[in-house]
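This is the structure, below, for whatever I ask next.
All chains are identified by letter, namely A, B and C, in their written order; residue positions are counted from 1 within each chain.
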Amino acid sequence: MGGWRVSTAATSVLLAVVVAVVKGVLIIFVLMTAFAYLTLAERKVSARIQLRYGPNRVGPFGFLQPAADGVKLFTKEKVAPEGRDNFLYLLAPALAACAALFAFSVIPINQTICIAGTHGAGPLSASCPGGYPLHWDLAHLNIGLLFILAITSLGVYSIFLGGWASNSKYPLLGALRSSAQLISYEMAVSFALIGPVLLAGSLNLETIVNQQHSLWFVFLQPMGFLLYFTGALAETNRLPFDLPEAEAELVAGYHTEYSGMRFGLFFMAEYINMVTVCSIATVVFLGGWMAPFFFLPNWLGPIWFVAKVGLLLFVMMWVRWTFPRLRYDRLMQFGWKVLLPLGLANLMLTSVFVALR
Amino acid sequence: MSVVFGLAAVIAFLGALGVVLSERTIYSAMSLVLNMVALAVLFLLLDAQFIAAVQIIVYAGAVMVLFVFIIALLSPGAEERLRSVELRLLLGGVGAVAFTLLIGRLTLNGITVGAHGRLHGALGPFSPVAVNAHGQVQTLGDQLFTTYLLPFEVTSLLLLVAAVGAVYLSRRRRQLV
Amino acid sequence: MFRELLGGLRTTMREMVSPPITIQYPEEQRPIPPRHRGRHILHRYDNGLEKCIGCELCAGACPVGCIYVQAAENDPEHPVSPGERYAIRYEINLMRCIYCGYCAEACPTEAITLGPRLDLVDYKRERLVATKDDLLEAWPGFQPLPVAVAPGLGQAASQPSPRGAGSSHAGPAGSAPGLRPPIPGGRGGT
């Protein structure tokens, strides 16, 4: 797959499989833990904004609260509406969680490390003739960015099927609104992401990061970054774009009729999507694993990556508890009439700039 | 690689069967989505990663979403069938045979059998090696804006017409009181 | 438009770095106002005699009907209360009580008042039916009369009362929680 040829020797195939399995297990484990503690972080951040403490009883500073929440979700009674389409009803949260986890598999956390070899074509290259290139993403695809867009567009199904299969009007309305919102804001996100692709000259996420070694793309594409971040808020159904799951209007939107761990899976999918979009923003705009200032050490790649993703997640939570919700028709108008033209303008400006370079 | 091919081919086949044999229309649509995802995997095996991604983005992620919306919201009625079983079998059989012949003819075009019974396809200027060397997106972009520029522009005009038509057809009509 | 957005974000950030105003109960507690109506207290006079004369006006005044009073004749040599009668059984169902204070208003001797205690929680329902032992004020050297109480009643919201020798809370054999066994020598209550 991609630029890495599978050699016919059995050992290299075995090595590839083992490495992939290890990476996969690590990613799943880390993302699940991240999801659990993101829920705690959300509650703590929202509490501090509201001048209160947040969970601090279960374990020091509430660190065992996600465990308690997990136990609660697992042991809840599974109430489901009569007349539902059971297969699709059960498929939807599973599909949501799978798509969310799957999309993270192409995001590189660190530069390719050459084991027993030399970096081909300079230190920023991802190939490693004579040695073994250790890529820090699960799947090193040449079209990494497109892959993520593809998987997020598959995530629309889970929302729509979840709402439709529940045989209930509030979920159906919420699902319709949410799917339409997701499809509309995919445009804004795609246009925002094309700018850095033009600047970097590749869809490969690692190449995009490497091309930011002199200046991060957020400084070259400030509007693109804002566009992407806004679109990402809408893609993950976060406030101010969360009317599809607004408590006051729609009970809980498409996941109204889900209880216990089924709801937990939807919840997990939303938070892991948050992590994924923040990771994409970090990789594409904020320089991925690169240190912020030139004098700071660059070899702490994963630490910088996690710090930047954490900062963006904090900003997402900060925004959620600051702004009011957008009404649905205004939300759609905003996506089509404001973000899309801005994206096109950004694309034109970037193309002109790249052509003249 | 052949394991992955086998798996993807089986899933594609099951998806296709699901489309035709499902009781409920929405299961047919979801089986078609499964089929398309399996096709995307097959494209990946053919080293056409861009096509695979675009297949999922456009087909599975946009066109099929539209289909699923329509099926879920408009609840199309029961399937219409021909009355006689014999006529159905005859038409179906003729169609299947014709289709197989056509696809077979197209697929076997230029395939030669080499050593060890391996099949070699005909390599034109767009062989996988050449395309990957230049870059998949770059090759597509080059061709789209030079050789196939006129179809590209006509297609975009067609899309514009469709969009304008959709906006016009769904405008709010003033009620004549 | 950006100015307003950033202004909003600045407001929330300011709130984020301000110290929270939550009071961490139960480590920190608000001071209780003097007239707060919490758990009931049965008072005594300074000489140790109970103020409650078993008149059952509190039980009559209670809008919920959560007070049970059973009166008994005072033994002239060992009077419990100044008067003819005293309450041999006094139970309040703290779960039903609405803490309105009508019983305190109705009491002619100011025997029953509502005190400051508000943490009335337990894991078993029986333990939230306060008996006279729980409600009565403590008195040094006090020896409670042997009163037959159903096992398990009270004890949850009780003040720590000194129990001298001779106290017994054993109910008659075979009594179930909640039943009120007859008291030998006492007048039947309401």
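Assume a contact is a pair of C-beta atoms (placed from the backbone, for glycine too) under 8 Å apart; a residue touches a chain by one contact, two chains touch by 3 or more.
Predicted, not measured: the structure shown is a model, and the values here were computed from it.
> Where centres are the averaged C-alpha coordinates, which chain has the largest centre distance to chain A?
C
> Which chain pair shows the largest tally of C-beta contacts?
A-B
> If you average the CA atoms of chain A and of chain B, how many Å lie between those two points?
One centre to the other, that is 28 Å.
> Just the number, please: Cα centre separation of chain A and chain C in whole Å.
Spacing between the chain centres: roughly 57 Å.
> Centroid from C-alpha atoms only, then distance chain B to chain C, rounded to Å. What do you get?
77
> When you check chain C against every other chain, which residues touch at least two of them?
none
> Okay, in this complex, where on chain B does chain A touch?
Residue positions touching the partner: 1, 24, 26-27, 30, 33, 37, 40, 44, 49-50, 53-54, 56-57, 60-62, 65, 68-69, 72-73, 132, 135-137.
> For chain C, which residues count as touching chain A in their complex?
Chain C reaches chain A through residues 5, 8-9, 11-13, 15-16, 18, 20-22, 24.
> For a test of understanding, state which residues of chain A touch chain B in their complex under the given definition.
Those in contact with chain B are residues 1-3, 6, 85, 87-88, 141-143, 146-147, 149-151, 153-154, 156-157, 160-161, 164, 176, 179, 183, 202-203.
> Sort out for me which residues of chain A touch chain C in the complex.
These residues of chain A touch chain C: 45, 47-53, 56, 318-319, 321-323.
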